[in-house]
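Below: one structure, written as structure tokens.
So that you can tell them apart, the chains are marked A, B and C in the order they are listed, and the count of residues begins at 1 in each.
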Amino acid sequence: MFEYAPAPESRSVVDLKPSYGLFIDGAFVDPTDGGSFKSINPASEEVLAEIAEAGAQDVERAVRAARTAYDKVWGPMPGRDRAKYLYRIARLIQERSRELAVLESLDNGKPIRESRDVDLPLVAAHFFYYAGWADKLEHAGFGPNPRPIGVAAQVIPWNFPLLMLAWKIAPALAAGNTVVLKPAETTPLTALLFAEICQQADLPAGVVNIVTGAGDTGRALVEHPGVDKVAFTGSTEVGRAIARSVAGTSKKLTLELGGKAANIVFDDAPIDQAVEGIVNGIFFNQGHVCCAGSRLLVQENVADRVLESLKRRMAQLRVGDPLDKNTDVGAINSAAQLERIRELSDAGSAEGAERWSPPCELPEQGFWFAPTIFTGVTQAHRIAREEIFGPVLSVLTFRTPAEAVEKANNTPYGLSAGIWTDKGSRILWMADRLRAGVVWANTFNKFDPTSPFGGYKESGYGREGGRHGLEGYLNV
Amino acid sequence: MSERVAVRKTYKLFIGGKFPRSESGRSYLVQSSNVSLASRKDARDAVVAARAAVKGWAGATAYNRGQILYRAAEMLEGRREQFVALGIPGDEVDAAVDRWVWYAGWADKLAQVYGGANPVAGPYFNISAPEPTGVVAVVAPERPALLGLVSVIAPAIVTGNTVVVAASPSEPLAAVTLAEVLATSDLPGGVVNILTGAITETAPALAAHMDVNAIDLTGVTDASLATELEVKAAENLKRVLRPAPAGHDWSGDPGVTRMTALLETKTVWHPKGV
Amino acid sequence: MTATTTSARSDLSELGRSETALRTFLHGLPGVDQVGAEQRAAQLGTRSIKTTAKAQAIDLAIRMVDLTTLEGADTPGKVRALAAKALRPDPADPSCPHVGAVCVYPAMVPYVAEVLGGSGVHLASVATAFPSGQAPLEIKLADTRAAVAAGADEIDMVINRGAFLAGRYKEVYDEIVATKEACGDAHLKVILETGELATYDNVRRASWLAMLAGGDFIKTSTGKVPVAATLPVTLVMLEAVRDFRAATGRQVGVKPAGGIKTTKDAIKYLVMVNETVGPDWLDPDWFRFGASSLLNDLLMQRTKLTTGVYSGPDYFTLD
């Protein structure tokens, strides 16, 4: 046997403060009512820091600061100078990427391999990409003189804390808006470190404001009348509530919500790569991915073979300490999320699907869930319909391409889909018919700042990334 | 020799390529004509017809859709006098014809302008292309009766959406006459469905309908109704076009935003390898 | 695919009888997506192997080295020195294991055999008109028989790439069968020369072809063309031996050769073996490195682990 010795990434690059204030108008300030909450390491339940909770008055302060910065500094600033601030931020992120990656893994529970090799490179790339747009907006296809919208309220989820921040802040600032961003209550730390980076970059005060807190803070922010634009990434349920709350206002809204993607494997697929794609599709980031390939649709005549390979591959997944460089699957982000994953998985068993996990020892402290697949699932099962947002894969079979399309589209969601086949014309035929904003053919869970991302149907509207990503932040 | 007795037109709904009366059997009087007063069930039937038409219409070639929109312009040109007789100014009819022509030409160009290749940092082919969102409910503006109507229908359907239009309650005759134009333009049944009657009755049903993908509130003038419709639309996260500002100029360059607001962007990735 | 269904087990031996059957089978194997395979290989390359795991990996890698010299300038003196090093790679440290084999040209086999004797270090010889394979079959077989007669217990043959690329699979198959027969009791390693096969699909087909024809090992490269062993090529070959065993019950070894120069490289391969085919292959009987300079780097890293200080080339023998 070849046992890998522990290979922990050092925590010493991160200098955690015992408590963090709100970042408003360029400075860290105490919340008006002094409320706070704790951010914990989901892998150990250790308290990482005490975080200020922004109340309505704090949100008011932040929106006012953003408005002033928009009117006086950022709005009038030439695009080329906005660009240089964004380039500066991109560089600082690269320079401090190890620190950010370790902090992300501590606060979120995701493996350091992913925060180091996926999240952070994409974060920096996103700022670089949009930096270049800041002085070229008139060439972006939105008319000769596209104008920013004003103050953007941005609420982001806990699954890719810093990457979602980048997806929100980079295009907003490039287009000339100022922002008030609320990170998720379980993962505020990298956003607060990002605030420090804004200070280090000498970004003018008020251009970026970070208000920490939970649902109430988010609601106060998106419902604030001084906000011109609302961008939200998170659950469809909250997205719906936000869509209702902006009804009748002039606020522009973009939403990136849930998903229940089908990953479709045909009998002529490159099987070994398909298995990698299935694993990456559902176990990447513990399955805390809105575009996760959570429904495997496999052609019936290769189902046994694919499942056998998949199980063998799953047995190689290393579950455990997120800071160990060899960990593949880290901790579930919170007790609440773990509870939801358990509840839906139990429902899967109760409804008669067959459950399988590789033998794997889970740590005693922290929140953990073994990589799991359910076979014998039908479209009627809850685990085939509801977003689990965890490392749980539902396996269904199909016989013909048309049946695969029908099953894939048979959901209120429409964020992403995967196709695995060696036949080019079939890929294009399928891609045309799948109602999803991103279609990965012979690959899965790939992201790039130039590539628009976003959903059909109840997965939300608007696109993030690419030229399309500017549209949500311009007055067009 | 006695004067010939004219044959009058019955103004009915336009659903699935047919002209049914309201299932409710109701009508209301406009310019001495009885016009169908559509019910919520008519709205539901129209959505079913619109949904059934999506596959064929969205799947048609862009060239084909452009041809059909151009055909609508031809048919409208030929019926100019009918609209004038309804009180529509001649130059508005001309502008409406020109608008069909303008949008017809977009059918096979928008994907090139609005989509394209994305230079991702890796060995992948990556392309974004617009696709129709599906079934669009439209509340048509009251004025200009014909140009306004054409200006909301054409951008929705040119890209492959199908529509259920709640026509202006005060201008249903132009709407039904336009339906007759469309019925003779090779437009497949169900691509455009037109409901006449009360917006307050049909629009809420459409806004709440879970099989409608988007709602265009352009013609809603009552702010509280607009809010109510937008709230209903949130239930399945319909794409929403908010009401046009009062005094919106329909004669100017429409731009592409009425089209792009009703599109989804699909991005496809594929590895490049040997 | 038929490859892993149990009913196929009895069928596979019949495949070599007809060109059509071979072609149908080989072209029915699942394709390999280049980008996906390379990404998986790169991902495995990010494993961090430290301390005890590294020590274990280094000793295993040393035991897997086919210490190789295949130069026109090879002499009895040169290969004797190499064989001596194979027996005691680190004369200063008796706990250091010996390598897996010494690999030389047929003419050099007798001199190596003198040194290795019954040491347990295998004696491999390239044969079959290595490296091009462009000789009449009779000469290739004679080459093989001569090497075995001189004392080689492992034969590294090259496949006929020209025939393979031209689609004459049966010709390639028959040559391997004939060579295997000429080997007698010696183990046969079949060099695919993956650098000339151009695609991973071809690598997978050639791997299966070699296994179907009776090869005991499949080996990436001669080391004589610009592209030698790579991680993704080895990944595809490991998948092939894994699937072949599932289909037939017979285990076949894998030998990447050429271009593997550092301990870091070698460990990446071992991680790949571990996570692709598992511990059954983590043994010199089933996995080898065709290398020369790799050994000294392994020895230097081994010393670093024991002493805590970095060593230098002056402290290790040059052969």
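Just so we're on the same page, contacts are C-beta pairs under 8 Å (C-beta built on N, C-alpha and C of every residue); 3 or more make two chains touch, one makes a residue touch a chain.
Everything numeric here is computed off the predicted structure, so don't read it as measured data.
Most remote chain with respect to chain B, judged by CA-atom centres, is C. Of all chains shown, the one whose average CA position lies nearest the global CA mean is A.
Ranking A-C and B-C by contacting C-beta pairs places A-C first. Once the centre of each chain is set as its mean CA position, chain A and chain B turn out to be 36 Å apart. For the pair chain A and chain C, the distance between C-alpha centroids works out to 44 Å. Work out the mean CA point of chain B and of chain C, and you get 68 Å between them.
In chain B, the residues that reach two or more other chains under the touch definition are 122, 124, 271. In chain C, the residues that touch at least two other chains are 33, 35-36. Among the residues of chain A, those in touch with two or more other chains are 442-443. If you check the complex, the residues on chain C that touch chain A are 1, 4-5, 30-33, 35-37, 39-40, 46-54, 56-57, 60, 239, 270-271, 274-275, 279, 282. Listed in rising order, the residues of chain B touching chain A in the complex are 113-114, 116, 118-122, 124, 126, 128, 133, 213, 223-224, 226-227, 230-231, 233-237, 239, 242, 255, 257, 260, 264-271. Per the touch definition, chain A reaches chain B in the complex via residues 125, 141, 143, 236, 239-241, 243-244, 247-248, 250, 255, 257, 412, 414, 427, 431, 436-443, 446, 448, 450-454, 456-458, 460-461, 463, 466-468, 471, 476. Chain A meets chain C in the complex at residues 1-7, 113, 117, 268-273, 276-277, 302, 305, 308, 316, 325-326, 422, 442-443. Residue ranges on chain C touching chain B, taken from their complex, read 33-36, 198-199.
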